[in-house]
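Submitted below is the structure of interest, expressed as structure tokens.
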Amino acid sequence: MQTIQTIIGNLIKPVYAHCDLPCGVYDPAQARIEAESVHKILQKYHEPGELGETDKLRAIIIKEQRADLVKQHLWVLWSDYFKPEHMEKYPELHDLIWRATKQASICKHATDPAEGQKLLELINEVATIFTATKQAA
Amino acid sequence: MQTIQTIIGNLIKPVYAHCDLPCGVYDPAQARIEAESVHKILQKYHEPGELGETDKLRAIIIKEQRADLVKQHLWVLWSDYFKPEHMEKYPELHDLIWRATKQASICKHATDPAEGQKLLELINEVATIFTATKQAA
Amino acid sequence: MQTIQTIIGNLIKPVYAHCDLPCGVYDPAQARIEAESVHKILQKYHEPGELGETDKLRAIIIKEQRADLVKQHLWVLWSDYFKPEHMEKYPELHDLIWRATKQASICKHATDPAEGQKLLELINEVATIFTATKQAA
Amino acid sequence: MQTIQTIIGNLIKPVYAHCDLPCGVYDPAQARIEAESVHKILQKYHEPGELGETDKLRAIIIKEQRADLVKQHLWVLWSDYFKPEHMEKYPELHDLIWRATKQASICKHATDPAEGQKLLELINEVATIFTATKQAA
Amino acid sequence: MQTIQTIIGNLIKPVYAHCDLPCGVYDPAQARIEAESVHKILQKYHEPGELGETDKLRAIIIKEQRADLVKQHLWVLWSDYFKPEHMEKYPELHDLIWRATKQASICKHATDPAEGQKLLELINEVATIFTATKQAA
Amino acid sequence: MQTIQTIIGNLIKPVYAHCDLPCGVYDPAQARIEAESVHKILQKYHEPGELGETDKLRAIIIKEQRADLVKQHLWVLWSDYFKPEHMEKYPELHDLIWRATKQASICKHATDPAEGQKLLELINEVATIFTATKQAA
């Protein structure tokens, strides 16, 4: 009788078609929701009387975390969702996602809501391509 | 001249109206996307030839993480988004979200896709109330 | 001979009695210890000469993290430890834990040690019910 | 008038007495609770009929995480709570905590509940010294 | 006299030259060390008698985590270290890093050490370009 | 035929020689890279005109995280890499690593770059012993 060790050793077959296990469930909404949070924090930062001193400091802490989550979700779309055929069809995609992650970094030290707006627009462009690839699938 | 220490000490005013800073940007889609992932993993687990041995083990690992994220997003909605007036208007809300988080735990050890389906339905019920409160605001 | 795939597929039986695997080891002390940390930070914040400027900023950062951990531990108690029979016996439990997590959020932007004290008292109420359910088991 | 930049630059005074901000609230209970969880998982692993196949795999995943938390809490006690004077009075303390963290690593691949018991005993020894230093303070 | 609120509001000047604060300290060694760990785990997985059953399962868990860290470190290099002028000089860079992150995903479900070797080679290519950009700076 | 349950139960043999699975791939460079980041942040903090106000606050947040990572990597070396024979040959090792982690804590509230320099020197001492044990192996 084979031990599990042998069974596991023998049966594993590469499944290159789907790189990561949970593929199929990706959604640019995850990046967008966090970016909306970044944008809202930037807006509140400037509204007079909206935030007390401690909350202004907290705004910077939380904006840092939310912008990190934006980057995280964009990276997952880039590395896990998009396939070589998408990159071929949309040659600007690498650069677009790259600039979106850089914009998230800019939002970390920015206090101007316009930077958050720009981040949302870049994520929107990624989402448009995402939807097109979904419909083509 | 006041030192910052004094200034910070003096100016901080409680802002009880908004418990957490980034309030305003909440979305049940965050819980739903992770739950869809849990559901999809449960479905793949049973499709013959879909997953190799290693990937079956990985499916359990990843399902564990995704179900945790479902709970996390539901907890944030519960504690950070919903306010006393919502609880008054929807007295079943505590129990509904509680059962949804318990269903996420059930999905951790379940292998039956029906459990994932049940999780999605409970999140859907939470989302319906969420939308109603948004429209009422 | 069955492959592991078949064996795993066949043998898995739902174990609904214990929702999560590590059930049995829950302790409100985890939430309480983090809340004591929040409380202590709030006290130090006001003691003259206790904290330098950088440490005042760090106090806000660390308080944010500790208050998050309080919420985390309360959520686990709520979703993983407490069972339907507890909710039936203590109908105020949902609301009590909910208010405790909201108080942890208040402590994030508060600088008044009284808010930390209030958090400790709410956790104490949860702990009292927890102990009663343990003794009844 | 000084800008904040200057004020922050000038006012920061080293506070070497307390290395980390939240010092004062340390509790070996944090390591002990996680270790009890590890121990319980090891016990359940062997009780016939207690865990289904998926849950056996999950037990290994969760045990890995809990044992990591044990190490984490022990490291914090070692680096953040204990001071040079404690090390002088308890010269075995470095080695004791070190062996406790190594025992947590052993519990990761062990399936024998005796290893969990040994971990609990080592944490108990750390806790005894901790209590003695508290009473001496 | 200005309040801090005003001072902070006025003095913040965009510093677009360095996107993220800690720029300057990047090192492909971080990705490489985690990739070596992935590679070593894949090798051990096949050495007869090297790993017991529990440790074979743990190998899959730990490999999953290490491969995630590889992706994380590559993403940070991509978004935070590399600048537009680098992308212009090395037009293959987007695709190279992208394929390296995809190879890390392949290593998650692979059990063939050759996949780990391939990951190390891709990271090496990234490191070569990294070093060239450092020397040019 | 044995079920997996029995097989797993029977075959697991303690492998005490290597405490943790991924042993073999440890590198003090991980702690050093994060410490360089801490050091650089401390230097930038004092360069006039280098950081705007928001970035000064962010510097403290990021320094806190990086110093935590330094501690984390040192703890892993201490508990996972170093073996009893190393401690016997280098009896100062416990204390050296301990002081290095305490120096990382000091860097959290320090603004003086000299504290970062001191941290780098302590990590260097750990690395020297690490290299010696590697060559002796």
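Letters A, B, C, D, E and F mark the chains as written, and numbering starts fresh at 1 in each.
We adopt the following convention: a contact is a pair of C-beta atoms (placed from the backbone, for glycine too) under 8 Å apart; a residue touches a chain by one contact, two chains touch by 3 or more.
Quick caveat, the model's predicted, so the values are computed rather than measured.
Shared contact partners of chain B and chain D, listed by label: C, E.
Which listed pair repeats B-C comes down to matching contact pairs by residue number; over half match for A-E among E-F, A-E or B-D.
When you average the Cα atoms of each chain and compare centres, the chain farthest from chain F turns out to be B. Of the two chain pairs examined here, D-E and A-B, the one linked by more C-beta pairs in contact is A-B.
With centres set at the average Cα position, the gap from chain C to chain D is 18 Å. Chain geometry summary: the mean Cα position of chain B and that of chain E are 29 Å apart. Centre-to-centre separation of chain D and chain F, using mean CA positions: 16 Å.
Of all residues in chain F, those that touch two or more other chains are 1, 4-5, 7-8, 11-12, 14-15, 21, 52-55, 57-58, 61-62, 108-111.
Inter-chain contacts occur between A-B, A-C, A-E, A-F, B-C, B-D, B-E, C-D, C-F, D-E, D-F, E-F. Within the complex formed with chain B, the residues of chain E that make contact are 1, 3-5, 57, 60-61, 64, 108-111.
The touching residues of chain E, counted against chain F in their complex, run 7-8, 11-15, 21-22, 24-25, 27, 29-30, 33, 36-37, 40-41, 44, 51-55, 58-59, 62, 66. Those residues of chain F whose C-beta lies close enough to touch chain A in the complex are 1-2, 4, 7-8, 11, 52, 54-55, 57-58, 61-62. For chain B in complex with chain C, the touching residues are 4-5, 8-9, 12, 14-16, 19-21, 46, 53, 56, 71, 75, 78-80, 87, 94-95, 98, 101-102, 105-106, 108-112.
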